[in-house]
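Scroll down for the structure; my scribbles are underneath it.
Chain IDs A, B, C, D and E follow the sequence of writing; residue 1 opens each chain.
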Amino acid sequence: MLNLEGVHAYYGYIHALKGVSLKVEEGSIVTLLGANGAGKTTILKVISGVLKASSGSVTFLDHDISKLAPEKVVSEGIVQAPEGRQIFPELTVIENLQVGAYTRRDKKNIKSSYQIVFDYFPILKERQDQLAGTLSGGEQQMLAIGRALMAKPKVLLLDEPSLGLAPLIVKDIFKIIQEINAQGTTVFLVEQNANQALAISDYAYVLETGKITVEGKASEIKEDPKVLQAYLGGH
Amino acid sequence: MAVLKVDNLSISFGGLKAIDSLSFEVEEKAIYGLIGPNGAGKTTVFNCISRFYTPDEGDIIFNNDIDLQKYRVHDVVKVGLVRTFQNVELFKSMTVLENIIIGQHSNTKGGILAQGLYLPKVRKEEKRIREKALGIMDFLGIRGIEHYPVAGQPYGVMKLIEIGRALMTDPKLLLLDEPAAGMNSKETEALTDLIRRIRDEYDMTIVLVEHDMSLVMNACERICVINFGAKIAEGTPAEIQDHPGVQEAYLGEEASADA
Amino acid sequence: MVAFLQNIIAGLETGSLYALAALGLVLIFRTSGVINFAQGEMAMFSSFIALTLFQHNMPYPVAFIGAILFAVALGYIVERVFIRPASKANLVSKMIITLGLIMIFSGLATAIFGTDSYFFRKAITADNLNAGGVIIQPNALFIIAITLLIMGILFYIIKKTMVGIAIRATAQNEKTAKLMGISVSKIYSMSWIIATVLGAIAGVLIAPTTNISTAMMMDVHLKSFIAAVLGGFGSFIGPVFGGFSIGVFDNLVGYYISLKWKTVIVYGLLILILIFKPTGLFGKSYRKKV
Amino acid sequence: DSEDASSDTNDAENNTENVDNENNSEDASENNAEVEEDIELAQGVTDSSIKIGSVGAQSGVFAAIGTPYYAGMDAYFNTINDQGGVNGRTIDLIKIDDEFMPDKAVSAMEELVYDEEVFAIVGQLGTPGVMATMNTVQDEGIPSVYFGGGAKEFTEAGENFFPVQPNYYYEGKLMSKFAVEELDAENIVVIYRNDDVGIDGLEGFKEGLNELGTGTVSEELAVNAADTDFTVQIQKAKEADPDVVILYGLLGETSGLLKEIEKVDFNVDMITTYSNADASFLAIASQGAPNVIKNLHVMGWVDATEESIAPLATAMEEYFPDAPLNAYTMAGWVAAETFVAGLEAAGDNLSWDGYISAMNDLTFTEGLAPEISYEDGSREGVTHMALSKVVQDDEGNFMFEQMTDFMEFE
Amino acid sequence: MNLLKNKAVQYTILAFVVALIPLLLDINRSTLTLWNMVIIYAIIAIGFNILLGYAGQISLGHAAFMGLGAYIAANLTGNLELPFLLSLVLSGLIPMVIGLILGLVALRLEGHYLAIATLGFGVAIQQVFKEWTAFTNGFSGVRADNPVIFGLEISEREHYFILGMIILLLLVLFAHYLLKSKTGRALLAMRDSEHAAQAMGVSLFKYKLIAFAASAFYAGIAGGLFMHLIRFTEPNAWGITLSLNLLAMVVIGGLATIGGSIIGAGFIVMVPEFIKDIEFLASIKSFATIFTGFAMIFVIMFFPHGIARIGTQIKIALLNRRNSRVDKGKGGAPNGRSKG
């Protein structure tokens, strides 16, 4: 459903993506692994249209989205919870969630979506009128994920969702991702927590300094010695 | 000997009691872990110690006789206490080297006039701190990027730069807030090692907040667990892992260091 | 007592002019963080349109609406042509653009409309009311009412509507706002249009007080900044309250203390208030998370 | 203060001679040696032309004054030039815009005096600019005729300065005489613009009362140029229950004050300054205060009857058909007229000394302005003024009607 | 190390070369007056850049400090008959003390609140200039003589230009070294992140005050030089227009660059003059104002980081071009990183 083909991208003259091709099938969970600075976030930026690919194509449901403005990409149904949370610090928790639902047409159902998010992250309910900027790091992370869920996207892009979350919640996060996926949302996941990410994924890619070096079924990648060695620590 | 003594600390934001009569002590040369669920108040504790927040109640005693309440935020480094930030806070418009050099701010000699006239003593100072900073970069293994802007450095590198900047202040006590966030297990392992080396080679005490249990359990000698701002357990890594309250509130049933 | 009340009433009227002018300023600020120094010049331009229509024997409401329609176009053009292309520039640089706009608009106004001053009529010309010696102009009540109405509408939009939240989100983090599907450029266009319209309304209502000329808004505009800051940029009630306060205060200081030192005293007081309330009288401050 | 000025003037005279000599030799080499005369021409003068300069705001807020003012000046010079100039010399006016900034005025003045080498400065506009360039003009001794401003300092600036417009101090004095003698005032409130204009006017007014030995100022009320709310001034004025209120301000605040007076129905005689003696003022002020405007009197120094203004009107029609004809246009016209009167008096003796001494002997009565005289070193400019009153004609138009003769303070 | 690569040496050589131009070439007195004004505005702009560009603190009231410097210079050399150089130093030092007071206010305020508070400060001080006639002689203004240094009267513009150049050079060097060492780093750190700066021992209190004091000092010196160049001043000159122009100078030239301040000053003083000289525009009324406005906007749009950074901007643009061409071929782009 989402397709990258030979994508190159630059920051100024730093060549961050050097011909990346990947596919995200409808209804699947796809994980992208890679070391610090490999270019994972850059890929998400290119998909969302924040950074324009200098060459190559990005297609969604068989049409080109590489020239679309970020907000248009969102209305196509591709939404991301960006790296570094990027919550709106001077909006309250509830208002942040509301912004998440900005593109939704089914305004009536938004109320029930709040409920879903609050069920996933009860602490957000307690904090709903607090300014988001004063939340703890982990609470902000939950808010960023919750906000993306509010959009009811076709494809959800998650950039290191477990970052800064307590172990208990990390487990929940992966469960939540599976649940969302089960309800029909396709998920493209960037994670450092490779074990758990691969455990719930269908397919995975490994990115090294701007190039895809390994790809395959998640279950196979998990056993790939190269990956084991580089990303899965002493297992 | 306790290098840091937090005694009966409390602080509230509006109606929310973020820290609730919390006490703990950190022994000299220890690597001490402060863990707890999201929103438990860990960062807030750091903010109180480093004087960004003024607690409603309680004392924070550093080095036996220094009452930190009497110091202003920017004076805290002068007594040998320094922190990093949960969300990296680097000086974006400056180069990597300049970011690290800032750490020596309080120890850099030379008044305004001397600097403006660039007297020999200022020149010498500049040379000294530059070399010191390069030494730290060597130690952290990030030499070679000193003249690049920090903006655009990979997240992990930024975390190291922040540690380097903190080391540059010649601290006795280093507070690290989630140093491993955003690192994969391999990188975390390296960081664990680095933290130990910092303690040993720079001869200091480290308190760290972290959610990555592999780092906490491997690096820390003692761990304090807080929830809703109050201490629920304290002990060695093994004790903490087996503590039922901690498992329930934080780790989950099958407590593990495998994450 | 009569003099005291007369000063208060007049202060409220003058203050509402500052407030009106401030609302547009605050709107742009709240959307994009830019202080639009050219807000006054743009309002002046719109007022000249109203004047020109009026001079061509159009009825007052037509002149008023003409000015508003012109403002819609002007706001759109300014945002598209001058502000948006500089989206990469930082906030201070954008403020410099608005300084450049001052020069362009005042120069153009001189070239097109000439340098003379012109009388312009009030919106409401009914007879003055006399309340025990205190004279109240119906027009003053009208202006105060309009100010409060606009304030209410803006307050409602910003606080309660999706568009309002989108505006605030855009102000705080443009990039992420886009990632949430907000068409940031539309939000900017819209807020410049609305702000310019507010400026036009302010200009047309202020004109009977200042006369219409290329310089008509200079002093009102300056006071409107002060009003916005005194009340706090963070709300719409703040600037209105700030405007009223300055209007009233100016008069009371002038009447009871000194006409000559009035300016120094009022500005001194502003600074003093800011020292104690650094985000304005209505600004909420909270402990910043570190 | 005045001692300083006179010693400066002496210096200036010495300088003048030097400069003259230099310039003459240059002129001699540049010009056709055909007309060999013994008169030493100053810089900027040839046999067929005289180059003069003016510095003043032509952009920004002050363009409101500068534009019509320079139109009036150009209209006069164009007329003269089309008639063949003065003694066969056409007049070439170079105007430089100083944007009302003193530093730009200085550089502009230097450009005129040293680079363009003009013969004289005519109608410099803007008090700050005049004050800032005063050193240069004093040092060089170049004649400077007419100032678009009425600061008292202009009258003491030196031999080569020829103010025309009445200064505000003097006007204030004369105003007091009119107030007392024509309007029988005893208790007077002065509302004055709190800047060089109003303060000079107020001081002059008080001095006038003092010399007349009658009448008291019961309230002195300052108005800032930035004010838009005049409640305080009018409330206080009303409380003083005066016989006459002096409105010593410019268009903006004066029309604002009138509106406020109208609002509270304050029925009192008022006098305002000559700066407002203009139809454009009346047009604005009368609409805001249609009732009380009839209590307004205005000082006037330009003898603007239909007949006297005819040449100006014709010239404007000819050269600037789209421009308005207002008090500023008249001022520009008078500036040119006065300068040319000096030229004619100097004849061919167009050295600076020649011009200055011709001016020193001059009493000029033919122009749009009343008598101007620099005899005996007087630098007061116009001292004859008249009081007019606002009246309404049968069609309801407001106009000024002269109610006294042109008279001096004495 | 190559001596010519040293910024200070470069500045010095440049200053000397420029200072000699009027002596070698025949330049109009009026043009030299403008050049002198460029120097004077450059001085205040450098100070202002320390405040805005380095410390990240905005002020819309700095004209007041320049005015203060001018009045002090006039009073000291005129009434008290102090020597010129001493009075010039004092016309910097006294505003500096007032600058400290404004700095104290700034400590509490941020962003736009600071901007407007300082604007209010500026307006209030200007009003004081108007009313405090004992010091300022009100609207009648004060005068000053040509400066006399060690018995030599400086009456020629060429000589004043040399004097100005020397003072500018000294102040440039002082700023350069100050900003290159501890203070400069602390200011930039404070601008980028107040929290992190504090954690590193940077006292916001101290450095905000330093920034305000330094900028007020530079402004005062500029005022003193203005006073002796123009030899007259009155209150209207020291209002918002100048403060806003100052802001424009610094931004147009380039925030946080010393050279940019000088370029910006040149831009704001000279561009309207150039435009006035364009014959075919002169038929448009108010054309100089309109086109200066366009010029300012043009610069910001195309050089958002200031004229002084055009070089870097072009370099990066060229590198980008080269790289995107490379990537059309095979993926062999250099792994270069930006510098500076």
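In this text, a contact is a pair of C-beta atoms (placed from the backbone, for glycine too) under 8 Å apart; a residue touches a chain by one contact, two chains touch by 3 or more.
All values derive from a computational prediction rather than experimental measurement.
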Partner chains that chain A and chain C have in common: B, E
Grouping of chains that still touch (sans chain A): one piece
Contact-richer chain pair [D-E vs C-E]: C-E
Centre-of-Cα separation between chain D and chain A, whole angstrom: 75
Centroid distance [mean C-alpha coordinates] between chain E and chain B, Å: 40
Whole-Å gap separating chain C and chain D, where each centre is the average of the chain's CA atoms: 37
Sites on chain A at which at least two other chains make contact: 14, 134-135
Junction residues of chain D, two or more chains touched: 59-60, 63, 67, 194
Touching two or more other chains - residues of chain B: 13, 43, 52, 85, 152
Chain pairs in mutual contact under the definition given at the outset: A-B, A-C, A-E, B-C, B-E, C-D, C-E, D-E
Parts of chain D lying in touch with chain C, wherever the complex brings them together: 59-61, 63-65, 67-68, 194, 221-229, 231-233, 235-236, 239, 251-252, 255-256, 259, 263-265, 280, 283-284, 287-288, 324
Residues on chain A engaged by chain E in the complex (per definition of touch): 8, 10, 12-15, 18-19, 54-55
Of all residues in chain C, those that touch chain A in their complex: 162, 165-166, 168-169, 172-173, 175-184, 286-289
Residues of chain E that touch chain A when the two form their complex: 316, 319-320, 322-324, 327-328, 331, 333-338
Complex interface listing, chain E residues touching chain B: 8, 174-175, 177-178, 180-183, 185-186, 188-189, 191-193, 195-204, 210, 256, 337-340
